[in-house]
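Next come two complexes built around chain A: one with chain B, the other with chain C.
Up next is the complex of A and B:
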């Protein structure tokens, strides 16, 4: 993947001010996004997955701001955008987003056709009847049967899965280059999840979009992603191709995440869990943020933040384990087991 | 929807019927002495008084009287006033007072809706900034200070500084209405501003607003096309009711400025035991209130597609 990234975030820092205190939600986080790929960002709640990606379209809450780093997109550093006018050139047109809860993402008092039409009128300069036709076409495209009639209905007349399809239709109505899916299936029935994932995949292919999935469902990741980035305490700690993460992970946090996959559980034994809690981001984090929860932490983990070490050309992990000076550390049994399962 | 409307209408009629019946019976339970002025009490002996009551039908058994009252009610006839303006039909007394109250009420309502909603919108848009704080201070002040105190402030300011007439007068209805209207509007502006702000702030934190931003809509258009309309829906439900009730006049304001409107009429009629006038007023107030709530529900149903007020045994 020697291509140029279409979006490149470098050392991004995002802070929130909460009751007079500063919370560093994102701590020097970097990410390259390549055209047409599907990237999954995984991590536990509060690790900053959503905040990080929201900053790509200026959707941080009012008390949050990007305080460092750059986000290069189409030759401009969009992290410096402050005026709404600037963001409006990005939102919907270039980068769009699907949110978690389809039940609340649609205006309950507007016909859904109208809500899609709005997006088209805003971004494509097409008005009225022509925009309406496009909206109906979009509804068909996201798999809503009887689209002409459905366009005249209100959100409450749709089921959760159908609403998420409508939300997706709104998000992609203007053919964005990048689509961020923030846990698009979490609020949905399990049987619907696969359909929505398929839909996003089909649209991705058709519209040639780059998709970022934010999720903590590793099953989804294995299904859809080309690449995976693992986030912990406001940083990406490991990233690589999906196989590399699932079968040859190196960061102890990735290990812990994978070990707690229910699929790896042995009948009769408790699933492994990760002890402790993530660090409080109101305070400065010293060394490797995961060290206090890592039973095999090295002395240096508590002292100095590790840099990224290459595992392969596409796979990098931010852990001292990979330093040549580090004592020899074996990948845990569960990771080996995963690898063996793959060989079979 | 038609079925529901008819059903609600019938229910409303029934409610009004029950209210006027209860008030009628209560009035009849008062001692009959009250039907005479002190002067009359002294002038007539017991027999004359008895004859007079008999002639007025006030000594008949209550069911008979009630029945007679219902017959009048069917023709919307409440009889004649006995004490306020003896011999004049209740309707013509009420109609005269009603026009005065209605004129003040309608103007005050229009002003407070316009000013209140605009103030609320400004507050919501400038949340936690100067405009919002100014508005909040105003609302809190109006809601926490007893109305008579704030009316006195209006009066002091209006009469002393602006030299406006401090009492209402029929000969000079224009300028002398200004202060009563200001007092009426004072409280309802605060009410509308408070609720507009609250509903707008509520709406603007909803997820669908985020989606509207994501799809590239400017916050200006989001305010107009999404937030304002949605915030107005819960507000709209109460507009017909408060509109109709302002028509009935405000007791306090009318007393304060000696406006000869419905509010004063009602208290006068009660004080002087003019039963027919009381019944007429109660009927009017009850009808206005109930029609207001009814219209509010209908308006809600038109504005909010989620509300399907079912007819015929269905529940929503």
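Up next is the complex of A and C:
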């Protein structure tokens, strides 16, 4: 792509120290983010998708730190920031985040309006009545009826979907350039989920934001994403345009994820499952991290870590299957089925 | 179709919480038959009363009107001690959140055999140990896990412990209350496969409670859609997906994200507006509009649904 990325993470490494041991949560992970796009990051719990994006805002837990690589944003390497003061110029203003659980991400002791106002006062320097007006406007913007009255209520008076709207209002109040949504709808009902996804999409268009979705629901990915990155054991293993990932995936982990979907299951037959567990990141991973769970793993998968191979200009996969020297390996039947569905 | 054995019959069920001015009707006029050996799913959004129905069958929530029959015998309201014990044994429940539903301070051995201990359903210590071991093996865990604590397990393994705990009582009927909603994608498939395998090997009947229609289609034989405590539509799984009639069912179906970007982007979202129903003069009924396909509506609506079927 000719476009310049607005945020570019290169070979990022993140470590946590737990009980005297070092856990490598992110292992040389790279990602480019382009303006106005919607990128979805998928992977199972513990794959590091939240940790990776949290490092863009300096929100890692106290025992974690970025130990390698660069994150370039607006000409500076923000991975080198250590002081909270530096992060405050970015967090909430340029990049902000919507958390998974609307039940716990609001302060139960403060009125809704006040909580939005707080974020505006802190980040935009508008104070008092003017900030309050802006807060009410934000509430209207995220589709909360009767905003003046609702602003005077406490979080417990709001339903789950309404609370998530409030959280979104706080996140976008300062018109950030990048919005990171960490499983924004997992705690919500399907009908509410559809509404929230629509809301985020509308706000994205209106405020010209770039959105990163973190999710494990591939249905949501299909709905919102322009580009998809698949994460496994602290690394991005495959990325590409949404159609390329769904219809022409090449990494065995992406295959496994797609084919274990109940939507593709045939009644009366077992669903394909991913056996085993992800590798323990306290130890050094040798070769392809997914190899021990992959029944069709090649000998080299256990020896050497694969580089990224190009499938197309926008689609890259980190697997030896794409090496010209590798034996011919066919995509599994379920992936072909998905592709045939598209042709129809 | 030959007459199938009805395992659970729910007749005009009503469940209320609170009393007087604060009375809240959570479930009203629910009529369901669950046949032996089938997976019956109850789908609806949170607060629709689907869990309440499941809990009423296992006698956790009291019933305020109507009755529930298990193998033709009434199990709601006041029943004899023997029947109560039988219901406890034969109707078991699997809970949604495997992180919250296991006693953190008890070993797996105790968690699984608690039901046996409470009702003295084992001959001696050896017999109990054997039963625990068998239950663990059946859900794909190792017998040595019995001496561990719940925090040593992953989400999927914990849910298996929850299933083992239900199985050890040798139930015939299992209420699975959103058993996979809290699990990761890759583990969901494993737990669904396990439930399906147990259904065959143990001859179980499931009441599967969920809000995610996509999962339900794969696992269930029949599906009932519940809205605000009322069942609005009931049909065979495929029939419901191919010919949804009630506007709420349509809205629910359209809200489910499909893991297919082409289809998903073309999809039209249907929003359900309860005010389309005008029930002021024309009272709605629960009618079998096609064999096995039930729907809740008044005369005018039923006629419209019939036209839809013909079209």
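As a convention for this text, the second predicted complex is superposed on the first by the 343 of 344 C-alpha atoms of A that agree within 3 Å, B and C clash if a C-alpha of one lies under 4 Å from a C-alpha of the other, contacts with A are read in each partner's own complex, and residues count from 1 in each chain.
Keep this in mind: a residue touches a chain if its C-beta (ideal position, glycine included) is under 8 Å from a C-beta of that chain, and two chains touch if they have at least 3 such contacts.
The structure displayed is predicted, hence computed values, not measured ones.
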Simultaneous placement of chain C and chain B on chain A, clash or fit = fit
So, A:171: does it touch chain B (first), chain C (second), both, or neither?
-> first
After superposition on the shared chain, which partner residues are touched by A:190: those of chain B (first), chain C (second), both, or neither?
-> second
The chain contacting more residues of chain A, comparing chain B with chain C, is C
First (chain B), second (chain C), both or neither: which does A:67 touch?
-> neither
Is A:59 touching the first partner chain B, the second partner chain C, both, or neither of them?
-> first
Of the partners chain B and chain C, which touch A:118 in the superposed model: first, second, both, neither?
-> first
Considering only the touch criterion stated at the top, classify A:260 as touching first (chain B), second (chain C), both, or neither.
-> second
Report for A:101: first if it touches chain B alone, second if chain C alone, otherwise both or neither.
-> first
Rounding in steps of 10 degrees, give the angle chain B-chain A-chain C taken between C-alpha centres.
-> 70
Between chain B and chain C, what is the tightest CA to CA spacing in Å in the combined model?
-> 8
Chain B and chain C contact sites that coincide on chain A, given as residue numbers | none
Chain A-facing residues of chain C, complex = 45-46, 154-155, 184-190, 192-193, 196-197, 211-215, 217-219, 251-252, 254-265, 269, 272
Interface with chain A, chain B side, in the complex: residues 206-208, 210-219, 225-226, 229-230, 233, 303-306
Quick one: which bits of chain A touch chain C in the complex? Just the residue numbers, please.
-> 44-45, 160, 189-194, 198, 216-223, 225, 242-243, 246, 256-258, 260-265, 267, 270-274, 277, 338, 341-342
Note: in the complex, chain A contacts chain B through residues 57, 59, 84-85, 88, 91-93, 96-97, 99, 101, 104-110, 118-119, 122-123, 154, 156, 167, 170-171, 173-174
